[in-house]
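Please read through the structure below; I'll follow up with questions.
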Amino acid sequence: MFKLLPESNPLAPAVTVVVNGRSVAVPQGCSAAAAMLMHGGGSTRTTPVSGEARAPYCMMGLCYECLMEIDGEPNQQGCLVIVREGMHINPQLGKPGVKP
Amino acid sequence: MQTDLAIIGAGPAGLSAAISATAAGLKVVVLDEQPVPGGQIYRNIETLAATRPAHLQWLGPDYAAGLPLLRHFHECAATYLPMAQVWQVGHDGRVYYRRNVANEGAVGIVHARKVLIATGAMERPLPVPGWTLPGVMSCGAAQTLLKASGLAPDGRFVLAGSGPLLLLLAAQLIRAGRPPAAILETSYDFWGALPHLPGMLGLPGYLLKGLGLLREIRAAALPFYRGVTRLEIKGRERAREIEFEVDGRSFIEAVDLVFLHQGVVPNGNLALSTDIRHHWDDLQKCFRPELDAAGRSSSDMVRVAGDAGGIVGAVGAAAMGEVAGLAAAADLGSIDAAEFESRAAAARQLLTRHRAARPFLDRLYRPRQQWVAPTDPDTVICRCEEIRAGDVRHLVAAQNCPGPNQMKSFMRCGMGPCQGRLCGLTAVELIAETRGQTPAEIGYYRIRAPIKPVTLGDMAALDVPSRHDAVNP
Amino acid sequence: MSSRDADVLVLGGGLVGTAVAYGLARLGQRVLVLDEGDIAHRASRGNFGLVWVQSKGFGVPEYQRWTRRSADDWADFSAELLSETGVASGHERPGGVTICLNEEELERRRKRMEQLHLEAGETQFQYEMLNPAELKKLIPAIGPEVVGASFTPYDGHANPLYTLRALHAALLKHGGRYQPNARVTAVDARPGDFRVSAGGHSYAAPKVVLAAGLGNKELGAMVGLNVPVRPVRGQIIVTERMQPVLPMPTLMIRQTVEGTIMIGESREESGFDDTTSPEIVHTLAQRAVKTFPFLRHARIVRSWGALRVMSTDGLPVYEQSVQFPGAFVCTCHSGVTLAAAHARHYARYVVEGALPAELARFSTGRFNVQAAA
């Protein structure tokens, strides 16, 4: 849904993250939610109430629409998590399960 | 950690307060949710200025104005804790936070003698049919992506709503070569605002800037619809088209993305959670804390500065932060009253001018009733719990529900993870309209800590005494 | 206002008041509920939602029996509310456990269960003390620090907020009226004739039921009833929604139908301060992660404090004023558990104009004895 502007920081190193199982390059310092918006297609979660598809809305930590699964940890606010090399970013599908 | 003044938020108000308070001799800790200081308005400014000069041009001088403020902040003696989510402020001066570093939550407590809440503004929601679809975001979100990561909307998009940010974002995207397909303006009342124009004349630069933005947008020859009376975003799994009405005529635009905006209101959950006195501001159509000129609240411990205390804009917020930082220093005995007066004089003057200018802008873009209290019954107002406008109206009318807390408890509206941030004002407006009362009479959700999602593991690890005497079966 | 605004005025619109009011309306009484506004000390909005038997009535068999009666009525009561209003109270009765984290807790627990069993009389009281392996079969998520639990099949839970909503709706459906923003400021009492000032109006009725929780202390004095209730604060944490993991409620932790997990059951004397304190929330969290280690990853969405309505001996207070017949008091700290009994039985007693012998143990005379002793 978003793409890098051509004039975007040619000097900034890229980080490789795994979005929906696919390795992609994103700018260093960007958020997991931004990575999803670049490479994740449409929705980034389904709601625990009705299963409706949602995607990041406010990008400033308020709306909790960008809840996603990051490195296996469910319900993370993707807009507040900065990408790291090798980070796995997946949609949050409904309620999180229970980890042993 | 012990400190004189804990400041929550590293936007213009928080940064200025840190600078003035440290200069006046206080020990200061600044806690902020973001990885770098600047708040939303100056988000990522330093990296961006160093690496993306073209973007700095597009974003404009009001954004670049953050650079000197940040320089001063780095030079000041404040301790800065980035990526720290503050989830509770106690009246004993304890500030509880969780640092979101390397995905390993660590909780901590700052013990402060005074606490300054400078959590800034948030966009007022614009609940319209379809606004929960993927592909619909706020204008602030688009601007954040531009500032933080150099990302621009991909595909065809429109901006809809009202307020200065709507126009600013349009101009920024035009400059970046990614103009919107159309701008749909929902609230604008020049004649209503006109009586407030004299207050605006104290800041002639702002008027000129506003006119400049409009000129840029006009020059780009974009369809600019003023006086939109109906908005609906359609699509199944994501936004595909936006339908709207102007002067009784219907239009449809195909879209990949829609950006909504309806002005800004205080980002108030932290201040509300401290139970300091708030009141309804009818011009800005929001609740705001009751503050004196230096940001002191009804609690001796808690102060509020910047947009979190009522919208004043970035420069006004910085001025208010400066005054609040000095007032904290004076209250803690670090400077005397005369010293406070002389140091705060310039910032107070600036703040007065910015305050005087607000009513014109507030009135010019004051949301029309239909956009704050949706008439379409199926419009979702609580995005977390998927509660619809019609459900709220029906419950309030059928069960003689007196206010938002009863409503919330009966239907879970506002009980999801966002804790009412995105539905609170809409709920109040709907209840007020249904009951024939004013929002001031209706009141707001009672907000309780933790206002950020700490885990039970974090809470169990918190360094406070246990109370097994009060907790056992 | 006419001299008869209702057959019964119910003072208080929480779980106790609306349960009684709904019961009255169902019996054909003209009922008006007078309630405070949106913000008030409302135990009904802050409670935990257990329909609970295994902690009630040590040494007071009458309380055990009254509680059991209500718990036994709950399934039917819940079904009735659903059919009346379409609102599901979420009631379930899978049995419940009190989980112990050390031998001392377990021993205390064992003794209390024995006592309840011995005192149950003809009602009977079945229970089991479970070791960790047995408990793990019921609730696989328990952690290694759990030393055992007590189980009874009588326990269950409901959504207290939906229950309250359903009671409001059911009351209105049966012709009852609900008036919020009407905090009672005065009661002009005469036998069988009460004039109540509230929210700038005056209301008259031959009967009045005091169901105002902590407010009953003050209101009781206006109708010749000594109701020594005080606030005992409880704090509760609720998490994000999770996949179903807890098949039955425990005394301190339960999973709701929505999937959120509630943690509660703290007790403090804090006056009328209903805020939360980090020390208590911290201690609740410690206990929660010891009981169910998976919870350490769960995010807290909210926490809150609420004030229980506690009498000096912890029992409900039910009585008709001797000085002003027609004035009844109905108050307790188990508004959810006892909702069915209040709607079905207490309401009937109010209509009949006399409380039965089985409720005599809950009359205010006991407080005078205590005061004398």
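Per-chain numbering from 1; labels A, B and C assigned in written order.
Operating definition for what follows: contacts are C-beta pairs under 8 Å (C-beta built on N, C-alpha and C of every residue); 3 or more make two chains touch, one makes a residue touch a chain.
Values in this document were obtained by computation on a predicted structure and should not be read as measured data.
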Centre-most chain [mean C-alpha coordinates]: B
Longest centre-to-centre distance from chain C, chain (CA-based): A
Length of the line joining the C-alpha centres of chain A and chain C, rounded to whole Å: 44
Separation of chain A from chain B, taking each centre as the mean of its C-alpha atoms, in whole Å: 23
Inter-chain centre distance, chain B versus chain C - centres from mean C-alpha coordinates, in Å: 40
Contacts with 2+ other chains: residues of chain B: 416-417, 453
Where chain A touches two or more other chains at once, by residue number: 73, 75
Numbers and ranges of chain C residues touching at least 2 other chains: 240, 297, 299
Chain B residues within the chain A interface of the complex: 33-35, 40, 44, 47, 51-52, 54-55, 83, 85, 100, 102-103, 122-123, 132-138, 140-141, 144-146, 148-155, 176-178, 237-238, 256-257, 267, 383-386, 416-418, 421-422, 453
Residue numbers on chain A that touch chain C, as the complex places them: 48, 73-75, 95-100
Chain B-facing residues of chain C, complex: 35, 37-39, 45, 98-100, 105, 109, 161-162, 164-165, 168-169, 172, 178-181, 237, 239-240, 251-252, 258, 263, 265-268, 275-289, 295-304
Residues on chain B engaged by chain C in the complex (per definition of touch): 88, 90, 94, 96, 275, 398-406, 409-412, 415-417, 419, 442-443, 446, 448-450, 453-457, 459-460, 462, 464-468, 470-473
Residues of chain A defined as touching chain B within the complex: 1-5, 7-9, 11-12, 26-27, 29-31, 34, 37-38, 42-44, 47, 49-50, 52-65, 67, 70-71, 73, 75-77, 79-82, 84
